[in-house]
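Notes to accompany the following structure.
Chains here go by letter, A, B, C and D, matching the order in which they are written, and residues are numbered from 1 within each.
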Amino acid sequence: MTESSIGERVFSLPLRVYIEDTDAGGIVFYANYLKYFERARTEFMRSIGFELRRGMAGNINYVVHSLELKYLRPARLDDLIQVHAQIEKIGRTYLVFQQWVTDENGQSLVTAWVKVACVNFDTAKPRALPSELMAKLA
Amino acid sequence: MTESSIGERVFSLPLRVYIEDTDAGGIVFYANYLKYFERARTEFMRSIGFELRRGMAGNINYVVHSLELKYLRPARLDDLIQVHAQIEKIGRTYLVFQQWVTDENGQSLVTAWVKVACVNFDTAKPRALPSELMAKLA
Amino acid sequence: MTESSIGERVFSLPLRVYIEDTDAGGIVFYANYLKYFERARTEFMRSIGFELRRGMAGNINYVVHSLELKYLRPARLDDLIQVHAQIEKIGRTYLVFQQWVTDENGQSLVTAWVKVACVNFDTAKPRALPSELMAKLA
Amino acid sequence: MTESSIGERVFSLPLRVYIEDTDAGGIVFYANYLKYFERARTEFMRSIGFELRRGMAGNINYVVHSLELKYLRPARLDDLIQVHAQIEKIGRTYLVFQQWVTDENGQSLVTAWVKVACVNFDTAKPRALPSELMAKLA
């Protein structure tokens, strides 16, 4: 796959909204979208052969460097949503993801931009993305 | 208090990092800072006489419209952190907060910009901030 | 289906352990199994035609009355687990579930006994299980 | 302090219920009491000089072995609750806690019995409680 083709690939994860995700306002609590987005990024990486735990065993961790979110419409209990992830940019030490959540009609509920940095697990210092990952992404 | 003076006020909430806040990377999970920030905003509002539940009883809810976060340094288990909130802007239907987390040495760990919209609890449509709140903030 | 046959039915939900579920001890945080168990009970009910939100709209809520858990072996990041639910007893105002989590080898990680009470959403007082539910379960 | 006197000591932690703790039923989500109980046990241990992270650095971890909970009355958004912990039994490799939550009128909301095992951080195998802890508890 070329860099442009990985950039065009959209990974989508269907998720159900459970009572644990909601708050007394009757909607999904705003922090919980970050859990949904993380699950989608993790499954995206798993789909190309990468697992978080295996990375940690090799002293590699991925941490979020920065993010932006816009909450457009609330998701509610029992809703079936789709959580999407697309790689916007591949840096030497980081990945930038576009992410968004849609409802069953395809309407956007939340949009996000997430920059994930590759770090040494023990020191939390930035390090280059593993070469196998670069190879898979390139 | 004038608008400029509320804007100068920094509300600070001391919090302990518990095991529930951490993840297998040994650091605070990135979504949990949104919980910390929400607690600080809530205590800020409580400190000037506003409670979320009372608002909901009056068909008012506050929902996050958009946010930006930068993760500078990780917080870890047992750390005693300070979570700060400052009102940057008061709109007709929203408030904009600057928020940040510092460690025991005063170093910034996470910085945030959070826009909170006032909505009708039942319809989730925007509505003007309650006049008593405007009066307290003005 | 007779009461004994519903009692014999085991509902199983496959789940992946995400970083959000783990703690700094490298294992799934003990409270998060209650989320897993709740998801399995919810999907069990959905599989026979019941949704939580629809219940709430009809002033019905289901709340946990009491539970017992035994933690036998830890689940870890990236593990694929199965969360099981079986109805042990159908009371007039409650259901008792046996629940357990197994790993990919079928080994038990956590076992649980959970009593769920049916209540009025507004008053939180116990009420009889809805007759359609009794009919489906009987 | 003698064993009987530590057993008589009740540690109490005041906590506010935040929106993150609640669910669409308008009450504290049942799993979140396990977070409250863990915070109270952690602060109890800290009050006698023990920190979780320091333990982990010395290859010691504390994991919940089993628990029982009874949910008597719901806590709601903005409630100020007290979370209590009392040591019921000190074993060679474990501690048993009685725990309960009360509201502002002192009424019990949730009661719990929690057995916490001391394990090696790396192998998750049981080990004797550290001798300094035994000394403090005895």
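Note that in this section a contact is a pair of C-beta atoms (placed from the backbone, for glycine too) under 8 Å apart; a residue touches a chain by one contact, two chains touch by 3 or more.
Model, not experiment: these values are computed from the prediction.
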Chain whose mean Cα position lies farthest from chain D: A
Winner on C-beta contact pairs when A-B is weighed against A-D: A-B
Whole-Å gap separating chain A and chain C, where each centre is the average of the chain's CA atoms: 28
CA centroid of chain A to CA centroid of chain D, Å: 33
Averaged-CA centre spacing for the pair chain B and chain A, given as whole angstrom: 24
Of all residues in chain B, the ones touching two or more other chains: 19-20, 24-27, 31, 35, 38, 52-53, 56, 76-77
Touching residues (chain side chain A, partner chain B) in the complex: 24-25, 27, 30-32, 34-35, 38, 52-53, 56, 61, 63-71, 73-74, 121, 124
Partner chain C, residues of chain B touching it in the complex: 19-20, 22-27, 29, 31, 76-77
Of all residues in chain C, those that touch chain A in their complex: 16, 18-20, 35, 38-39, 42-43, 46, 51-54, 56, 76-78
